Amino acid sequence: MTTVGVDIGGTKIAAGVVSEEGKLLESTQWPTDPTSPEVIEDGIVSAVQNFARTYDIEAVGVAACGFVGADRSTVRFAGNVAWRDHPLGQILSERLSLPVVVENDANAAGWAEFQFGAGREVSDMVMMTIGTGLGGAIIVNGKLVRGAFGGAGEIGHMVAVPFGHYCGCGHEGCLEMYASGTALTRAARSREISEPTYMGGVRTYAGDRSKLRGQDVTQAASDGDEAGLELVSHLGYWVGRGAASLAAVLDPELIVIGGGVSRAGDVLLEPARRSFKENLFAMENRPLAPLVISTFENDGGMIGAGDLARRD
Amino acid sequence: MTTVGVDIGGTKIAAGVVSEEGKLLESTQWPTDPTSPEVIEDGIVSAVQNFARTYDIEAVGVAACGFVGADRSTVRFAGNVAWRDHPLGQILSERLSLPVVVENDANAAGWAEFQFGAGREVSDMVMMTIGTGLGGAIIVNGKLVRGAFGGAGEIGHMVAVPFGHYCGCGHEGCLEMYASGTALTRAARSREISEPTYMGGVRTYAGDRSKLRGQDVTQAASDGDEAGLELVSHLGYWVGRGAASLAAVLDPELIVIGGGVSRAGDVLLEPARRSFKENLFAMENRPLAPLVISTFENDGGMIGAGDLARRD
Amino acid sequence: MTTVGVDIGGTKIAAGVVSEEGKLLESTQWPTDPTSPEVIEDGIVSAVQNFARTYDIEAVGVAACGFVGADRSTVRFAGNVAWRDHPLGQILSERLSLPVVVENDANAAGWAEFQFGAGREVSDMVMMTIGTGLGGAIIVNGKLVRGAFGGAGEIGHMVAVPFGHYCGCGHEGCLEMYASGTALTRAARSREISEPTYMGGVRTYAGDRSKLRGQDVTQAASDGDEAGLELVSHLGYWVGRGAASLAAVLDPELIVIGGGVSRAGDVLLEPARRSFKENLFAMENRPLAPLVISTFENDGGMIGAGDLARRD
Amino acid sequence: MTTVGVDIGGTKIAAGVVSEEGKLLESTQWPTDPTSPEVIEDGIVSAVQNFARTYDIEAVGVAACGFVGADRSTVRFAGNVAWRDHPLGQILSERLSLPVVVENDANAAGWAEFQFGAGREVSDMVMMTIGTGLGGAIIVNGKLVRGAFGGAGEIGHMVAVPFGHYCGCGHEGCLEMYASGTALTRAARSREISEPTYMGGVRTYAGDRSKLRGQDVTQAASDGDEAGLELVSHLGYWVGRGAASLAAVLDPELIVIGGGVSRAGDVLLEPARRSFKENLFAMENRPLAPLVISTFENDGGMIGAGDLARRD
C-alpha cells in the first residue's frame, strides 16, 4: 500500500506517490497562490484524487512551511502562506475521506533522510536544512521529536549572536541569519558595498550588483574565486557552530546537511566540519558525529510526509 | 522493591534508598577523595551493603558529574573526579552483584523532577540545573534523551556569545559562563573592580572583597540591594535566553530550573521568565512553557538515579 | 565682519549669516535636489549673494553630509547627495569670489557647540550627533580633529558588535546601527513582530504598525509607556557604551549629545549616563566627563560652518 | 643639551641619556620592587645623578605604566606598581632639582616613533603597543593627545565584544582581551584544552602545557605550524579590527604596531592588515593608512620620555 506526500512551499506545491520503501512512484507539481488556503486545498485534493485512480492510497502526508500544532493537523501560522490556526489536515481529510497528517516541511525532509536516506543506519540524528531559511529536524531514538506543542526543530531560531542581525521573527541574532541562503545573499551584498574590488569575481556571476544572490556566491566558490570561497566558508563556520550547539544538547550520531545551499558541497561542508570540531564540547573525548550532505535534493519533503502519514 | 540512588559530587557522595514512589527511605553521605576512583567505589559498595541489611535492594543507580557513555556504565571523563574512560558501573555491579546504571547527575536530577517532582504531569520537559556550572536534562515523550553516545543534555555548552568568556571546556562563550553560579561570582568580582562603590551592599555579605561569591549576590538581591538585584537579574536574562534557545529546538511543555542558584527564587525567576518571553521564537503564536523551580533541592540526583536503575 | 554658514542635508539646505559671536543674524532654507550638484550650488550661490546685499560677508562655510577631504573643499562621497570626489568648495569659491571651506556636518555642529554652546568652557570635547545616523566631532586642545585625510570623527563606524547588524557602509555591527534614530526605528519594528501586545502603547503613536518610527518610541517613552521607555533606554545603553569607548581613547572633559534623537532628553540621557559610567575604564579613578544635551538644535551646522570659515 | 629618559616597568627600570636627535647615548637598567615607590625613586635619582657626572642633563622624562594625570606628574594608579595618586614627577623633580615630566609609557613609546621612528614623516599617527596588554598613543597634527585629564590613548579599553572576556579593569570585552600577549596566551591555553592534538606543534615550544605562553605561539607560527599560524592570525584579526575603529575616529596617516608581540612580524601583520581593510569604513574611498612595525623595540619608552621632557 502507498501514500501521497505533499510539499507546500511559498510558490509551488509538489505531490507524489510514496512507496513503503520511500520510492517516489509518480509525482507532479504546480504553482500556487499562497494567499488562498482554498486554492491550495483544491489543488491537493485534485492531485490526490488523480493519483488514487492508479494507486491504492492509504493516507496523505502534508509537509507545510510553518508552525504545525501537536495535533498534526493545524497550521498555527506560516511565514509564506496565509494560514493562521488553520485546520489544514482536518479539511483535507474530510474532503478526501483519507487519514491526513500535516508536518513541518523540515521535519518531513529530516524524516525522509532518517528512513531512506543519509540517516537510515542511525537512530539519533539531526538534520539542518539550509535553504532560504534554516530549518531543522531532530530524531531521537528512532522517533521524530515534535515537542509538546508541535514546534520542535526550529533550530534556525536558536540565538547565535547577542545583538546580531534582525531576523524576520522579530529577534536579533537568530542562527538562521548566519546559516542560510538569505545570510549568504546579505553577506555578499554587504561585502559588495565595503570591498567592491574584492567582490569583482562574484559579481560576474550575478551580472548586476543589485541582483547578487547566494547562489552566485556558491557558484563563484565552486570555481575557486577567493571572495566566493571566503563567504561560503564563513557560512560553513556558522553551520558548524550551530551543529556544535545542537550536538551539545542532543549528541546525535549523525548530522545531515540539506536544503538548496547544501548543494554547494565540499566548499561549504569542509569549513562546516572544521568549525564543528572547533566548537564541539569535549571533542577529543567523544565520538565525532559526521556531517554529511542529504540524500534527497528536493523530494525529501514529499517522501518524508508520505512516510509519516503511515505512522502515528 | 527498592533501589539505591548514589550521587557523586566533587567533594562528597550521597546515597539513599529510593522507593518506587520516589521517596527517600533512608540516606547517608560522606566526604570523598576525588582523586581516587577506588576510594569512591569502596564507599559506595559499603553504603549499599549497609542498606541491603534493611532493604531489599533491586538495583543501584549512580549519578555522576561527568560524561557518561551510551552503555550507562563508563564515565568518559569528569571535570572534578579522576575518571577517564572508567567502567564505573561494571566495577560496582561486579562488586555488588547487582544491576548498576550510571547516569550524568543533571540527567538524574531531571528524571527525578519528571517522575516525581515539578514535571510529573508533563511528557516533554527540559531541566536547567544552575549550580557551579549549568547542567541540563531533556525529556522527550516521557523518555530521557541520552543521545547516541550518552552525552546529550550538555546545555551549558551551547555557544551563547561569539568571542565570549573562556569556559573550562576550552571554548569561548559557552552558556554556562553566563548562566551559572560561577558566572554570578565572576560578574560580581568584576563589577567590584569597576564600580566598588556601587557594590558596597553586596560586599557586606562577603565580608572580604576577595571572598565575594555568587551566594552573597543572591542574598543581597533577596534583601533588595540594587547591585545584587541587577546582577541576579542579568543572570536571569541569560537563563531565559538559554531557555528560549532550548524551546526553539525542543518545544517542551515545561522548563524546570534547579540547582543551588535556583534557590534565589523569584529574584532570579522573574527576570528569567521575562527574558524567556522576549527571546522565544513565535512567542505570541504558541503555548508558553512555564519556567518553574524544581521540587527537589539536593536529593534529585539520588532519587532520579535510583529510579532510572529500575528502567532500561 | 560676518560669514555665511550653509548646511546641506539630504532633503533641504539651510543658510544663514553668522556673527563673530556665533549668532545667526538671518537665515533661510529651501528644499533641494540631492541628485544634482549644480542645483545645490546654484541655490547656495544665490542665497549668499542675497545675504551679501545686506551684510559684509567675509567667507562661506559649508557643512556637508559626507566625507570631506583634507583640503576642506572636496567631498569624497556622501550617502545622500550625488557627490563623488566633487570640488564643492573650489566651485563655490570661484562662483562667489569668496573664501569657502567645506566641513563634515557633524564636525560643524560639534564646532558650534565647542565655540558657542554646551562646550564653550572646555578645551577637549566629543560630540555625538544622534540623528538618522550617528555622527561625531572631536575637539582636542581647542582644535577640531580632522584627521590626516579629513575623515576623522566617524564614530558611528566604530565596530560595536561582532557579527552585528548590517550597516549601510557594508560592515557588520557599526555603532551607528545601535545608537541612532534608524536603530530605534528598527528595534521598534522588530519588537512589534516578536511582542506586539507589549508594543501596543508605542503603536498608538504611529497609527499604523508599518509606519512605526523612532520618534513614536521617544514620544511614548516621554509619556511613560513601558515598552517605549525600554527601547529608548536600550538606545541610551549603546550611546553610553560608545561614549565610554570614545572616552577611553580621547579622555574628553565633556561629551555633548546632539541630533534629533537627543531631543528625547532625560529618558535617553539618564540610561546613557548610567551605561557610560558602567562601561568607562577606571571610572572611579578619573574625573567623570559629563554627558549633556547640545545647545543648538538645528542651527549648529550653519553656525559651526560659518565660524570655521573664519579660521584656517 | 640632553635629557634622561626613564622607563618604569613592572619588574625592571631602564634609564638612558637621550640626545636631541633621539639617540640613546648611554643606558642602564635594574630590577625593581614594584611595591615600594621609594625604592623606585631612589633608583631613578641615583641613575640620573650618575649620568649627570658625564652629561649635561637638562630635564628628565619618566615613562610609567599607569594612568598619569593632566599635570604630567601624578600617577593616578597603575596596575603593576603601588602608586595611588602619587606625585612621582614632583618628588623626583625636588630630589633632582631638574624639571621632570611623567608620561604614560605607551604614549612615550608612541612619541619616540613619531619623532624619530616609523612615524617621523607624518603628522597624524596612532600607535598600538601590543605587549602583555594593549597600549596606545595618538598623535594629532604633530601633538600627543593627552586628553583633558591625561588619560587619552587607552585603546585597549575600547569595548570590542559585548559580553566578552573579563578584563582586569572590571569590564567585559575590552579590546586588550583580544589583541595582546595575554590574549594570545589565553587563547592558546584554551585551545590546548579543546583541541590538544591540533596544538601539538605549539606545545613543543612550551615544553609543558601548563607553561604555554604567547611567545610559544608566535614562534610556532614563525616556523609555519598550522595551529600557531591560526592563533596569531586571529590575534591579527583583532589588531586590524581595533585599528579600523581607531581609523574611523581619528583617520591617521599611519598606524604603528609596537610592543613585544609585534616582533612576530608578518605572521601577525599580514592578517592585521587584511582585517584592517575588511573592517575599515569607506575603505575604497579613502587613502589607506599603512600598518607598520615600530622602529624601536625596547628603547621607545626611554627615548620618547626623554624627548617629551624637553617640550611643554
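In this document, chain identifiers A, B, C and D correspond to the written order of the chains, with residue numbering beginning at 1 in each.
Note that a contact is a pair of C-beta atoms (placed from the backbone, for glycine too) under 8 Å apart; a residue touches a chain by one contact, two chains touch by 3 or more.
Source: prediction; values computed, not measured.
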Task: Numbering shared by both copies at the chain D-chain B contact, with half separating same from different - done: same
TODO: Compute the centre of every chain as the mean of its C-alpha atoms, then state which one is farthest from the centre of chain D.
DONE: A
Task: Geometric centre distance via CA averages, chain D-chain A, whole Å - done: 51
TODO: Please work out the Cα centroid separation of chain A and chain C, and write it as a whole number of Å.
DONE: 45
Task: Residues of chain D whose C-beta touches two or more other chains - done: 161-163, 169, 171, 194-195
Open item on the list: Which residues of chain B touch chain A once you look at their complex with the stated criterion?
Closed with: 67, 76-77, 122-124, 136, 138, 140-141, 143, 145-162, 169, 171, 174, 241, 244-246, 248-254, 279, 281-282, 285-287, 289
Task: Contact footprint of chain A on chain C as seen in their complex - done: 161-166, 168-173, 178, 186, 190-195
TODO: Report the residues of chain D in contact with chain A in the complex, numbered from low to high.
DONE: 162-163, 194-197, 277-278, 283-284
